[in-house]
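Dropping the structures in below, format is structure tokens.
Next come two complexes, and both contain chain A; in the first it sits with chain B, in the second with chain C.
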Partner chain A sequence: MSDAHHGFNLREWIFTTDHKRIGILYLIGALSAFAIAGTFAIMIRMQQYGPGMQVFDSGSGYNTALYFHGAAMILVFLIPALTGFFANYFLPLMIGAKDVAFPRINAFSVWLFYAAIILALVSLVIPDPPDVMWTGYPPYSVTTEGNTAFYVFTVHLLGFSSILGAINFLVTVIYMRAPGMGWNQLNMFVWTILAAFILQLIFIPVLASAVTMLLFDKYLGTHFFDPAMGGDVLLYQNLFWFYSHPAVYVILLPAIGILFDVIATMGKNRIFNYKVCVYAGIGGVLALAGEVWIHHLYVAGVPDWIRVGMMITTLLISVPIGLMLMSLWGTLYKASITFNVAMHYASACLFLLLIGGLTGIPLAMTVMTANLGQTSFVHAHFHFVMALFSTFAIISGIYYWFPKMTGRLAEGKLAVVAFWFNIIGVNITFWPLFIIGVQGMPRRYFSYEQFPQFAPYHHVATYGSFLVALGMVLTLINWIKSAFWGVKSEANPWHSKSLEWTHTPNPPGPGNFPHDVTVSADWTPYDYVK
Partner chain B sequence: MTAHSTTAHGTPIEHQGHGHHWETSIAPFAVVFGVFFLLPLTFSMHFVYHNTILTAVFAGIGLPLILFGVAKWIDEGLTQKPLVAGLAGVGMPIFIVSEIFIFLSFFATYWMVRLSTYSWPPEHTPEMPVLLPLFMTFLLITSSVTVHIAEEKLEHGDLAAFRKWLVITVLFGLAFLSCTTFEYHHLLEHDFLPSTNAFSMIFFSITGFHASHVFLGLSIFIAILLPALGGRVNKTFVLCGSIYWHFVDVVWIFVVSQIYFW
Partner chain C sequence: MRLLKKLGLAVLLMGALALPVWAYEGAPGLATGDLTPARRWDILWDHVLVDLWVIGVIFGLAALYMLIKYKAKNPTDVGTATKLNKAQAVAWALIPVAVFVADDFYLAAQGWTLWGIYRRVPENALEIKAIGHQWYWEFDYGNGVVTQELKVPQGRPIVLRMHSEDVVHDFSLPKFRVKEDVMPGRITYVWFMPDTVMDTIVTCTMYCGVAHSQMYGKVSVVPPEQYTSWLESAVKAAADQQTTKVKG
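Up next is the complex of A and B:
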């Protein structure tokens, strides 16, 4: 055990360079963003309750809500929670490292993240808030009265934060693994984080340049996206989705990685097809991630040969993801499962990913997207993958590692009740959107007077979202309650074989490991079945 | 209890992460909020809200914060020992991968814009200089050689020669930036502004972005040079600065060939 200072020291937290504390800072920021952006989600749902104005005074108020909900959920909640919080706290522990390679750069990353949060919050209270959704498409983003600059700078700050994080974690995994730890002995979570950061490193710069050109167009009078002056309006969409489609895998992969660790530990089982999953599954996603973005531009007027080519790659990328999903199911085969709260959420994820993935296949096809692309079918599809699957994986991971971070358990009736609110609520919210999407309910519109027949479905969806809100509030209450007054946990409550459970106290002190860690050649973190 | 050891010169070196106390550093926090004030807020105050006073205030907060943070960071980097030595020499090339993709997206934009028009250069483009970019290429390539010599001198323990060759490198870099300034001044006088036409926006964004990299490279060298005057040098830091400088040099070859001689 460490003889670290006991009690709370604000200075030690703000100026910390310790990866665990930085992880907690990421978690606080990400969950705050989740709460605020979630509130906007409820407002958006209430606005959609019936045709006409419900909660917003004007369309632009609704646009600002869409902007903040989308940008904050993806850029400030999902990506930082997965590649900021989980990676920071658990990756060094999993590989037996005392910290990341560059602790000060790590602190730099987390405060860039907070600077972005501050900017995003400021952009809500200024008289001309950004109203460009999370995509910022020109020409609207260039001609709007809204403050597009704050959108651009939020992206810059978060992007720079992620690029530095990528450097940090790539170097950490390559050079700071415990002596004896080979590549096939890594936790699945470590692999997925590695892959996510490779994607961040390569693709974020492209988004950064796209929004920079947007900034120049709006404020310096250049014409990057103005066809009348020799620019190209589709250029922005290409650059934007060149990053933002891989961003989906930046979120999806670590979420899958968490599930592997939860399911293998709770099932006391090996990873089914570990090597296939790593090299074909994760490797396949890495290889294809940058060659599918045109499926966001099917109806934007791109040549057929690109559309058909990218349709094939888009369909193809479901193969490596399918491999990983099969490995997840296979890990359950002959497992002796402890069905705790983390496992509740993990099993829900298997279902949510299946629905989200299967509804993506029609959207990959150009003929289907021509009809479905601008409807709430898309809306429901990506919420199943991004919002529901990834968020449930995050919640599952927090429950799983809760004793590691706090020394206490967050199990109990409240957690399970909240789980059922959540899983029932999300299904009630998003299934109606699939149905009316197929019938032609347009997405993004602030009102739908032309389609009064869809109102009953929107009623149901809105009530479902209230259920989710209740479930999330209960989950948050449960975490806060358990962190301070929960049942004390034993050192390794799930009897895991992974280093973060076997070699460190709960929570780990400075320097993580009381003794230097080495692993033997036949050790793996999933060493349950011999 | 903090683990201590000493260098050959007898100055105490702290080991990061080995100790039993929580590591802290004020430097990253200061730099982040310095950057936050200096870039997003100052830009917005000037270009979005046209508020001169707040522009000056925010810049006035941001710049000192950055300078303080960077100085503190360098000081810590020179006195503390990392968990694993020399990893920054790997981190820098990884950073350069992402830099390459920023340049690639600007070049891709250029190619897309240029290849989809019928006549190039577009109207209102003045005659572009030919000799100046060649001279600038000479300056940068020479500076890459001189920084390499500086590194060699440091490797042989000749600190005085290291400082001399580093100063020479900085002078070459400054000469390069002076050429850029001269050229921009000349073009702006001929009403060739970023907003003039499709070529001007490409020209100013790519050369400007490259020049900002030259500026950053020079700042790194100055950050190495100042402590080196007092005899404090971190070889990994020098290696990183030099890798970055070579990268800036290589990118310039692409800039010159694509912008001036195509």
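Up next is the complex of A and C:
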């Protein structure tokens, strides 16, 4: 054990090629982004408390906060937490691999990720910070005084990082599974993350091309998006959403994967209809992901045939997602559930996913968006899917694998109290936004003196956000406290059958497995019921 | 008995597969009757809400029930679900798929019908140009009449032909349930039916910079005769101004 990690050595962490340490680096970066972008979220809610000036003295400060909140939450928190942290730490362990296929490329990915974080943070202190929202639509992003370049370069760095990660993990899953492990024996998390990386690999280059053209238009005098010179403003929107809708599944799928692993383990049950869920559910989402982007452009003046056509494809997304829901619900059937903190969050996730999914249905219908589009109904809908469901799934996963990473438990009263603050807080925050959204409250508003009747709803939403802030701070405190001083955990505290629990110590040393792993033909990670 | 079970399953499957067809055929046409598009939107919204609540309550209650019912009696217990056989696995896929597809077709048919109404401008519609600027709206009635307030006669369909002079904006009239982006280089349109006299607002719902949320204007629906007299005097005033300009 001479090569085991002993004590803390910063150099070892920075230059590490160990997938577990790289995973932890991703986690630290992602949670930092979450903390900063979360603080902005509270400030945004406080600004919306009433019409007129509240915490920001001008629209430009508010718009920068909106930009940073959106871009950081999606690109620096959600995607890296799922495809960076969870994939890195647990995927090789789940398939019985000693590391990823290309450990040094993996290290390069996390460096690029940190470079992007630094750039994003620098963009907050430069004289004219970007104010283009995370969508960066031209002509505004080209004509604004804000430094759109910081947005573009942040996307470039994260894009490189993600493409390298995607190739790395696809190769890892295809070639480095433990001897004997067939495709139908993979953890649900492995399947969902695999799908997420396929989407990243296919669609990121499109986003990269879109923002690069933006850069050229703004700084080099090209006219890709300038209609006065033969360009087209809608070209950007099409390219942007061609990536950014699949990006929703890059987040949603692995979050559902975590949920499956937590529920099946804590319920000691097999995955209901595994093959249908994998091949029709995940496969169906993969197949449809690239054919629905126009639902972001329903009222953007695109031709009618595509607005109607993609209404149908968008509605049909409910079929594969519905099959995954059937499997999630079915996995509860005749289970034997133990409620640890991870399972608290996982239970809440079922309802958050349901609400997020269902409120997407009217938004899938072209004509409904003629009133709902660009309102706080949309804002509440995607926050239920991304901010609430996906973030709760991430928190659930962190609690679930906390003993794996630290050897200690993060359970206890503090964790449960924080959970209740979070779940009650998010509902108080976002339900009022659904209601006023239907009545016409627009998104991204600094003030709303034309809609004074909505102020009471905004009051409630703002108070709700304070509860969430409290819950999240308590959660972070609990994690930090437990990581150093928590109760020592037994080797396999949840009595899981999955390889990351059964074949490695907590935390796993270099090379992961003390003995080579092979699995038999009848083994599955959910092999509880005899 | 086993045969009966299989037969039952087969009937259930066929029934489920017939659902989508039935849903599509049975979608009540919103095209009938003399309702404004905004009113039809509200009716369809009610349909959709019922749809969402039914699905939501079924799944929500099921989850709640199972989370309570299947709580482990003691920590070493394991689940007791049996593995699905092939027929069950297929049935548990096809039946839900049929139900989901049926619902999708129903909603798509309804949505498509109403969308058709939203895009087909009535022949007697009054055309006004709408222009988006950072950060105000302008309305061009022809004959040199340009205002920042949209004034329309009651009882006649209004079609707005829209573009933007700078960045992308979004013309949103929540009262009339219409919304469409305006942008440079393309002309877009919306139409609506102002059926009652009222004052309301148009607001921008596409992020367009620092004063995005201040980009709103008054919309007033006035009796037709009042509209005509207003327009006449506005045309006259515009002509006078033109003459003064030429003279000056």
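We take it that the second predicted complex is superposed on the first by the 526 of 530 C-alpha atoms of A that agree within 3 Å, B and C clash if a C-alpha of one lies under 4 Å from a C-alpha of the other, contacts with A are read in each partner's own complex, and residues count from 1 in each chain.
What we mean here is this: a residue touches a chain if its C-beta (ideal position, glycine included) is under 8 Å from a C-beta of that chain, and two chains touch if they have at least 3 such contacts.
These numbers were taken from a predicted model, which means no experiment stands behind them.
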> What is the contact status of A:D18 with respect to chain B (first) and chain C (second): first, second, both, or neither?
Replying inline: first
>> After the superposition on A, what does A:Q453 contact: first (chain B), second (chain C), both or neither?
In response: neither
>> For A:Y333, using the defined touch cut-off, is the partner it touches chain B, chain C, both, or neither? Pick first, second, both or neither.
In response: second
> Touch check for A:Y219: first (chain B), second (chain C), both, or neither?
Replying inline: first
>> Applying the document's definition of touch, where does A:N184 land relative to chain B and chain C: first, second, both, or neither?
In response: neither
>> Going by the contact rule stated at the top, is it chain B or chain C that touches a larger number of residues on chain A?
In response: C
>> Which partner chains sit in contact with A:L316 here, chain B, chain C, both or neither? Use first/second/both/neither.
In response: second
> Who does A:T518 touch here: chain B (first), chain C (second), both, or neither?
Replying inline: neither
> Same chain A residues contacting chain B and chain C, which ones?
Replying inline: 231-232
> How about chain A: which of its residues touch chain B in the complex?
Replying inline: 2-5, 9, 11-12, 14-18, 21, 97-99, 101-105, 107-108, 111-112, 114-115, 118-119, 147, 149-150, 153, 156-157, 163, 166-168, 170-171, 174-176, 201-206, 208-210, 213, 216, 219-224, 229-232, 235, 239, 509-511
> Along chain B, where are the residues that touch chain A in the complex?
Replying inline: 1, 16-29, 31-33, 35-36, 39-40, 43-44, 47-48, 73, 76, 82-84, 87-88, 90-91, 94-95, 97-102, 104-106, 108-109, 112-113, 116-117, 122, 193-195, 197-198, 200-201, 205
>> Going by the contact rule set out above, which residues of chain A touch chain C in the complex?
In response: 58-60, 63, 131, 133, 135, 137-140, 143-144, 227-228, 231-234, 267-270, 272-273, 275-276, 280, 299-301, 304, 307-308, 311-312, 315-316, 318-319, 322-323, 325-326, 329-339, 347, 350-351, 354-355, 358-359, 361-362, 364-371, 373-375, 438-440, 442-448, 450, 495, 528-530
> For chain C, which residues are in contact with chain A within the complex?
Replying inline: 41, 44-45, 48, 51-52, 55-56, 59-60, 62-63, 66-67, 70-73, 75-84, 89, 92-93, 96-97, 100-101, 103-104, 107-108, 110-112, 114-115, 118-119, 166-168, 170, 172, 174-175, 177-186, 188, 201, 203-214, 216
